[in-house]
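Here subunit A shows up in two complexes: once beside subunit B, once beside subunit C.
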Partner chain A sequence: MDILFPILTVGILGIFLGVIIGIVAKVFAVDIDERIEQVEEMLPGANCGGCGFAGCADFAKGVVAGKATPAGCPVCSPEDVVAISEYLGIAAEEKEKMVALVRCSGDIPNTVRSLYNGVRDCRSAVLVAGGAKGCDYGCLGFGSCAEACPFGAIEIRNGLAVVHKELCVGCENCVAACPKNLITMVPASAATHVYCNSPEKGAVKRKVCKTACIACRKCVKASGEEDYMEIDGFLVRSNYENPPPASLVEAAGCPTSALRVDTEHIKGAYGGASK
Partner chain B sequence: MSEKPRKFKGGVHPNDSKALSAHKAIQEAPLYGTYKVIMHQNIGAPPELLVKKGDAVKKGSLLCKASGFVSVPLHAPTSGTVKMIDKVPGPTGISVPCIVIEADGEDEWGCPFEPIADWQKTDPAELKQRVWDAGIVGMGGAGFPAHVKLSPPEDKPVDKLILNGAECEPYLTADHRLMLEQAEEVVLGAAILARILGLETAVIGVEDNKPDAIQALEKVAGKYNIEVVSLPVNYPQGAEKQLIYAITGREVPVGKLPSDVGCVVQNVASAVAVAEAVVKGIPSIERITTVTGKPLNDPGNWKLRIGTPIDEVLKLTGGIKEQPAKLLLGGPMMGIAQSSLDVTVMKNTSGVLLIAKDEVSLYTSEPCIRCGRCVDCCPMQILPATISQAVENNRFDWAERLNVMACIECGSCSYSCPSHRPLNQQFKRAKVEIRAGLRK
Partner chain C sequence: MNEFLVITIGAILVNNFVLSKFLGVCPFLGVSKKLDTALGMSGAVIFVMTLASLVSSIINQLLLVPMKLQYLQTLVFIVVIASLVQLVEIMLQKLSAKLYESLGIFLPLITTNCAVLGAVVLNAKSAPESVQSTWYGATIYGFCSALGFALALILFSSLREKLDLAKVPEAFEGTAISLVTAGILAMAFLGFSGLV
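This part shows the complex of A and B:
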């Protein structure tokens, strides 16, 4: 019989608390928009932060609230963007796919380097004599960017970071990781780039790097009427408003092979080419 | 002497190798054809350029003027023409702008200010202005503008002026020779600095491995009521906070300045520069630098104009007898390795050091064995081993909580680590990342 009393007490207490929880849940209920969950389902779930929100869930909230458009996600394919837009009943935006470009071609055979025996990461290396590389502006090749890339799109080859364009989703995580500010985002459709970042005079660059852009302007001349290239002091760059076609590389005959077609560059086709 | 110096906690005793150059008297370098004067030689704002290509300059005339309070003017090291504004690798390896001066060989004087004949009666504010006008910075290595240290905030009265003659860096003997050969000027500089600060006296701290310098200073110190303190040899005795503790027993809290504990520390070479600026009217255009290392034929101490190219400096020592493995500006503990011979002498270049091939070894860093040597020797009493783990995991927030910001980058921990862990470099990185985070 002694057991009856505790059972009754606990039982009644349980029922009482249950009722209270029920009331609280009803009164203070938060409306969850099931569209948020649905949009989150449809997102790639990479949580890379490339959209500027604190991950995919936060981005889904933003999209539903109208603070962002589905195209803001760099990882989504155009089909994904259309699917999400249709689901939400908004117009699908066209988005230009952007990819990362490491503006340097100074791999180990092409550049002067001094011996460096410290921490193997670019952000630490740059604190010691600017990073053991003849060129102040070039890639150090310790892969701080590759480490920052959630998609494994950057390979360090011969002491040079190379972006695998097909893997890059354009999240920009690598841009901030590079202590030399070498990485810029360019339209994925552009194929031809100047792989050099040094604003120094041609003679100065050539002393330390075989494949530097020496601003000879052959590529500018080969462009003819088109403004494919932009001149910025002693450095020429592709004009991404009107990007040069791959054929320009052949036509220009860049004397240092700083001007390259990205697919060939990724394959390592240029080697130490220098005329 | 009033108090016995204390021993700060930690520290290491690297082989000092000072015998290579300690007995060599200071020699004056000849005039060169071209000087490359780096424009930004001080901590703080870069000065404002006053000259352009083709301008004629005289020895001591202004090249740049201060662009703010924490900035100092720059003077021409000799007379000649400004050839161009070029770029040379700065001490940290990154290219920095410099003024190239083609000397005319006349070395004609043209300094904008006159000597102050009677400094003992001159207003301290005027003396301080002179220190600023002369472009004097901390010549021990930091390059912090001297006049800023001489302007403590009003609510923090300074009662102690300390002259740093510890020269605890191995190999370097420039300050040693300076104290020995120009003891009177060191003491005079101390007295002028004391007057600027409104103090009666000053203390010169010297490590006891330089008994001749201590003797020389003691002989003349009485003239201006200056005290000379002999300090035990312990690296980093010459670090500001360690020196203050050794002499006064006061501890400078993390993130605070010497003025927070009522102290001002100036290097002995800066004191001599102050004396010359005041009584002779000479701006900061030259300094004593130790050029040393085993690969050199004839290491020594040289009086060099700022802007002297390092390859010319190396020729002064009769060239090299073996191919060196490393070139450092500064000493082996805190000096910075260089990747180019194009570097030039700056106001804070205390040493040019060549390291021979058989003196360096390439280590690979191994995992920490938790021996605790780094903890024992850290003069700031932080935990290098633990912070190193935080940094390796990119947890700069942990590193910050573990007080990495207190690290004075003395390198004692890296020096003593049997696993050859790059501790100091990791902490440098952590400090950069933390500062970048704070700025955001």
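This part shows the complex of A and C:
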């Protein structure tokens, strides 16, 4: 009998407290829109902030409240965007996958560098005379962008940041991290890019970098009628409205190999290709 | 009256929960990196500890002591504290979503905070007579203990914010220097021991 009483006491107390909690939970119930939870489930859960919200949960709230559209999430695959739109009964937007492009091809063998002994971080390096590189517009290669990428899509090769397109989800974290503003977002379908960002004259660029774009316009000529390329002073860029095909690289025979196919670029197939 | 002054000063300074009883050290170290979060945590602890002291002393005096079930105290108090935190959380979510969001993570943390359980158990076991036998004595004691916790947390977080800017030898960086600082702070509080 001695043991029954304490057990009863604790049991009744527990039940009593449980009932109180139950009642309070009923009285103070907050309606949580279950669509928010559902949408959050369907999001990738990367919490990268690429959508401009505080995280996936916040974005889900925004989408349900109509403050954002599912396509605002750069990590979402097009199928997911369609699925979420269907679930919420709103029209799905077409979404072109964008990936990061580091507009520089000046790796260590090809560029002039001076001694820099400071912190191995691009943003710190820039504070010291703009970073220890002959070209003021080029990639410093300490990988601030690679560090900022939550998906490990950027690799530093020979002191040059290269983007692994298949890993990049287009969250733009790297764009903000690069102190040289080298990184832009381009359509993933485009494969041929001019890897140079310097607006200086060809002769000036060539002194410090073997793979700079010297605006010789061979690529422009090779595109013929099609306006694959855009000229901007001493710099030529791919026209991403009408991206050049990979075959243009062969056809143009870029003398400095600034015009490259991105797969080969990652492989490092262009090492010191100056003619 | 005099008695309560003694309890107050004793709980805040002399028998400070964190710095001389070493209870609630994990939130003390974990939530004290920034002053804002320290303030949030302090507010939550003050609220829950006061309430828990009140409720558990009532249960103790009306239920456990008359029935000679004092040995169940720890068990019962844990259940009471956990339910209280749960209740506060539910009500807060409805009444003040803003406060709920800013306290969000801290509230559930308090459920398992040993300082809260410590205060409640001390209330029932080894506190002065006036605390043990009256509900208001217990409440005041709980409230003051929580104030002491808050004081320690706020002091420590301010110190840590300063530490971030200081030049610390590499071997001491991070947790090591925090622990050393906590130790020195605790020694400083030892100086109050003659007060009551």
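One rule holds for everything that comes next: the second predicted complex is superposed on the first by the 246 of 275 C-alpha atoms of A that agree within 3 Å, B and C clash if a C-alpha of one lies under 4 Å from a C-alpha of the other, contacts with A are read in each partner's own complex, and residues count from 1 in each chain.
The rule is short, and it goes like this: contacts are C-beta pairs under 8 Å (C-beta built on N, C-alpha and C of every residue); 3 or more make two chains touch, one makes a residue touch a chain.
Just so you know, these numbers come straight off a predicted model, no measurement behind them.
Enquirer: One more residue to check, A:Ala269. First (subunit B), second (subunit C), both or neither?
Expert: Once the two structures are laid over each other on A, A:Ala269 reaches no partner at all.
Enquirer: Does subunit B (first) or subunit C (second) touch A:Ile231, or do both, or does neither?
Expert: After superposing on A, A:Ile231 lies clear of both subunit B and subunit C.
Enquirer: A:Leu127 in the overlay: touching subunit B, subunit C, both, or neither? Say first, second, both or neither.
Expert: first
Enquirer: For A:Val19, select first, second, both or neither according to whether it touches subunit B, subunit C, the two together, or no partner.
Expert: Neither: A:Val19 stays clear of subunit B and subunit C.
Enquirer: Mind working out whether A:Leu8 is in touch with subunit B, subunit C, both or neither, as first, second, both or neither?
Expert: In the superposition, A:Leu8 touches no partner, neither subunit B nor subunit C.
Enquirer: Regarding the shared-chain residue A:Ala29, is it in contact with subunit B (first), subunit C (second), both, or neither?
Expert: Touch partner of A:Ala29: subunit C, not subunit B.
Enquirer: Which residues of subunit C touch subunit A in their complex?
Expert: Answer in residue numbers: 59, 63, 67, 69, 72, 75-76, 79-80, 83, 86-87, 90-91, 93-95, 97.
Enquirer: Residue numbers of subunit A touching subunit B in their complex, please.
Expert: So the residues of subunit A touching subunit B come out as 114-115, 117-119, 123-124, 127-134, 136, 200.
Enquirer: Provide the residue numbers of subunit A that touch subunit C in the complex, in ascending order.
Expert: Within the complex, subunit A touches subunit C at residues 5-6, 9-10, 13-14, 17-18, 20-21, 24-25, 28-30.
Enquirer: Would you mind writing out the residues of subunit B in touch with subunit A in their complex?
Expert: 87, 89, 92-95, 336-339, 362-363, 422, 425-426, 428-429, 432-433
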